[in-house]
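Below are structures written as structure tokens.
After this come two complexes, each holding chain A, first together with chain B and then together with chain C.
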Partner chain A sequence: MASIELRNVNKWYGQAVHAVKDVSFTIEDGEFFGLLGPSGSGKTSVLRMLAGLETITEGDMLFDGVSVADKTPQQRNIAMVFEQNALYPHMTARQNIAYPLKIRGKSKAEINEMVGDVARMLHIDHLIDRRASQMSGGQQQRVAIARALVRRPNLLCLDEPIAHLDTLLRARLRGELKRLQRSLGTTSVIVTHDPIEAMTMTDRLAVMRDGMLQQIGTADEIHNRPVNAFVSQFFGLHSMNMFRLSHLREEAGKYYARLEGGEVGVPESLTPLASAAGSLILGCRPHAVEVLKSGEQAPADAFTVTGKVYVAEPLGDEMLVTIQVGDLIVQAFDGRKRDYAIDEEVTVAARSGMLYAFNPDTEATTRFSEGSAGSLKSEIRAV
Partner chain B sequence: MTDYTPTLTISRPPPGERSKRERATERRSTMILLAPALVFLALMSIWPFAYLLYASFTSYQLAVPIPIEWVGFDNFTKLLSGERFWSSLGITAIFALVAVPLQILIGLGLAMLINSVVRGREIYASLFLIPMMLAPIIVGFSWNLFLNPIYGPLNAALRGMGLSPPAWAQSPEWALPTVVAVDIWQWTPLVMVILLAGLRSIPPRIFEAAKVDGSSPVQTFFNIILPMLAPYMVVAFVLRFIDSFKVFDVIYILTRGGPGTSTQNLAYYTYDVGFGRFQFGSAGALSIIQLILLIVGTSLILALVRRRGVGAADGGRS
Partner chain C sequence: MNRSLGLTVLRHLTLIVLLLAVLSPLLWLLLTAFKPYEELFNSPPTVMPINGTLVNFTEGWAIGGGKGIMDSLIVSSVSTVICLILGFPAAYALARRFPPHGQLSFTILSLRMMPPIVPVIGFYLLYQELSLFDTYTGLIIVYTFMNLPLVIWLLAEFMRQIPKSYEEAARVDGAGWFQLFRDVLLPLSLPGVMTAGILAMIFAWNEFLFSLVLTGDAVITLPKALASFFLFQQPNWGQLGAIGIVAFGPLLLLSYYMQKLLIRSFSIELGGR
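Right, the complex of A and B next:
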């Protein structure tokens, strides 16, 4: 086990691709750390540099304060679980798990004991003598995890280890991995593009985009206080609704702005956040939006937009309503589960207190929602 | 419309419902469609083989106008008691059991080498393939020129270095190693291509997993690459094993089986008996013996492989 520090790490592939740009962060000893980002964000490159499978072009990496930039994966004593298909196909599960021990020259008895322990831990003792091709994808990943854990690594690297499994299995392995990590206390890094995995499993996580670090924090911190529009849209079970307003103007004490070719009213309290040119980005999570049918009245200080219902999807306790406003898609949860007709005209309303605001030029967050503290819990319950 | 069960598949009606006439028509049209292929196969394969089998039990000789008589196993016993048969068998065995394993070894080395090349892998692979693409007759003539004791560039170079080189294909000691070397030169590329395909089929993640597991390159080679290549090596071995019985062109051009009978394998011996002495009965018997040897040899290899589990269904899959 080790604490890990990245100092201004850069990765270039050839001359043209700058995959990781000046990334620095620290992972505490025993921490479960997540690297989250869309594909091409550089998260896998960071993990592969941590594992020692890629060289660091620039910058330094320290394990327990000692630079490991020039060390092999073996010298770093890291273990890795790959996306899929990384078991040795000609070996049985037992031989796969035992392989790292075997080449380290452990005795037969020792190997048997360690393999048995880890196999029980991952509930694969009944298929220990099967080959990779005789196992399902989930079983193969369990064996891969067992192979990684059997030698008690300093750092466990997980490269989307459960991304290719079906939903139920994924949810189950998520929990198992988290419990295992907690009970073993192995410093672990997981790469994922799935915000749910990142939220549910990790202690802290880093959101990346285009090779750059966007934000580091706990799931709650990132969910409730996203640093910019990208993080707020990417992180969470449902993307944040974004309203890019322009041409803000005042008329008889009320404020109006252009949105998707139409004009919408803007609560006065938000107008100081607009740029000099009258542009402003507002955001709100689907749970903070009310859907109003025609004839219903929006609250006084609400931001309202009118559009047509694109589709309404019942999700058990709630209804997820997708509304089209010009080319813009707005999603809202309706706790009352009313019926909606296709193309029915509705108004979405968000109290100004529930709105986030972003700088229209830098997209940095300029105002956080006041009522979002509880929304993470309610969103997770919804799925 | 009672007892109607809807089905999702459109199937033919059950056999009982089809009339006999309908089935007869179908069988007839099947036969008509298959007939050209069957006739061709019978004329080109089955009949010649049957004739060969028949001839091997007769005294069929083209040169001497004696009536063809059934002689039973005479041809076989005569051959098996002759010294020339056993020496030819020994030469064939050297091709099958020395040249072929060497081809596999060198082919494996070349495949590993080319697989490790990052840029221009295809170019190197194609260059190495040239020997295999040449007609055997051209290979023979090229080597004949190259190895010529007086005018050949190889001996000129060796003499230039102050050595006194042998006459290669014409020397009693060097003739066999020479033809074996040419065979290896010509057919190693085939093995290389097969093993290269095998190597390329191993997902790169496997190598990374091995690296992370702390496996050294040597350990990775013996514990992971070699077992995963085993099915491909078996394919290459069986193909080359069968071909090794048929080596003829290069021997014909380089040594004519000589000096003496030192490079005469079973194929050349068969040719000599059949078209040198026109003893078609004996030549037929020789062919049959080779066929039996091939069948037994290949079955043995495959049985051995099956028992050891190499190349089992999951060998190449991941």
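Right, the complex of A and C next:
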């Protein structure tokens, strides 16, 4: 077990691809850390540098305060679970798990005992003499996790370990991995593109985009206080709705702005956040949006947009309504589960206190939502 | 119904005729091997041996067939093993560090396309200087030189199919280069190794030109031994047939056995998903 520090780490592939740009962060001893981002964001490159599979082009990496930049995976004593094709196909599960111990020259009795222990821990005793081709994907990943844990690594690297499994199994392994990590206290890093995995399993996580670190924090911090428009849209079970307003103007004490060819009213409290050119980006989570059918009155000081229902999907206790406003797609949860006709005209309304605002040029967050309706708790309940 | 039956019959007849056309020289060779000398020139010719005999085998073995087979075994198996030992790491480097259809890959393969007659004079002169003329070592070097490009190229093609994650898993598990090769890469590329090995073996086994030019009386490989049957006397076709059959046998057995191995190793599903 170790604490890990990255100092201004850069990764270049050849001269052309700058995959990781000046990334610095610290992982505490025993922490479960997440690297989250869309594909091509550099998260896997960071993990592979942590594992020692890629060299660090520039910067330094420290395990317990000692630089490991020039050390091999074995010297770092890390373990890794790969996305797929992880088990050696010509070996049984037992041989797979025993392999790292065999290389380290452990005695046969020792190996047998350690393999037995880890197999019981992961409930794979009954699979122990099967080859990879005789196991399901979930069983293979379990064996791969066992092989990673059997040697008690300083750092456990998980490269989308459960991304290829079906939904139910993924949810189960998510819980198991988290329990396992907590009980062993192994410092772990998981790479994932799935915000659910990131927010449910990890203690803290880093959101990356185009090789650059966007934000580091706990799932709640990132969810409730995203630093910019990208993070707020990417992080969460449902993407944040974004309204890019322009041409803000005042008329008789009320404010209006252009959106998707139409004009919408803008609550006065938000107008100071607009740029000099009259542009403003507003955002709100689907749970913070009310859907109003024709004839219903929007609450006072609400931001309202009118559009047509694209589709309405029942999700257990709620209805997820997708509304089209010009080319813009807005999603809203309707807790009352009313029926919606396709192309029905509706109005979406968000109280101004629920809205996030972003700088129209830098897309940095200029105002956070005050409400609790957009919090993580209510979104997880919805799934 | 009738039409399909007719088609089936026609198809089988065609196959039988083609098969006979291909196999008849071999069949004739086989039958000749068991005929005593007097029967060879019967007029009209007889197909089956009348007084079947094994004397062609013993005599053929004694007058040079035996030495030919032993020498060929030594030269082709040793050069094949060297080819595989040198070719395996070279193929790995080619597969992992160079683009699939790059210059280097092509250059290596193009060495094998060169007609053997091109380098043979050079080798002859060189071998006179280096005292390698008419030695096992000399012939083994030449066969390795000729077969190595093909082995490298074949193995590299095969290794490209092996997902990199196995190697990375091994590196993370703490395997060094030797362990990586022995425990992971070799078992996974075994079908490729065997294919390349069989091909190298067959080339060396059948090779005539180098053997003819680069050896004298000390080393006489099988193709050269068979050819020498013609040189000094009226060839004894029965002995030639007998040794020919014996020469053909190991290749047949090897291919048959390897084929079974190949199927088994391919069925260890790569990827295992």
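One rule holds in what follows: the second predicted complex is superposed on the first by the 380 of 383 C-alpha atoms of A that agree within 3 Å, B and C clash if a C-alpha of one lies under 4 Å from a C-alpha of the other, contacts with A are read in each partner's own complex, and residues count from 1 in each chain.
By our rule, a contact is a pair of C-beta atoms (placed from the backbone, for glycine too) under 8 Å apart; a residue touches a chain by one contact, two chains touch by 3 or more.
Just so we're clear, the structure is a prediction, and the values are computed from it rather than from any experiment.
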In the superposed arrangement, which partner chain does A:Arg104 touch: chain B (first), chain C (second), both, or neither?
both
Touching A:Gly137 in the superposition: chain B (first), chain C (second), both, neither?
second
For A:Ile128 in the superposed arrangement: first (chain B), second (chain C), both or neither?
neither
Thinking of the overlay built on chain A, is A:Met80 touched by chain B (first), by chain C (second), by both, or by neither?
both
Going by the contact definition given at the top, which residues of chain A touch chain B in one complex and chain C in the other?
51-53, 72-74, 78-80, 82-83, 85-90, 99-100, 103-104, 131-133, 147, 157
Spell out the residues on chain B that touch chain A in their complex, using ranges where they run on.
203, 205-206, 208-216, 219, 223-224, 227-228, 230, 313-318
Touching chain A in the complex: which residues of chain C?
163, 165-166, 168-175, 179, 183-184, 187-188, 268-273
Counting only contacts in the complex, chain A reaches chain C at residues 51-53, 72-74, 78-80, 82-90, 99-100, 103-104, 131-133, 135, 137, 140, 147, 157
In the complex, the residues of chain A that touch chain B are 51-53, 72-74, 78-80, 82-83, 85-91, 99-100, 103-104, 131-134, 147, 157
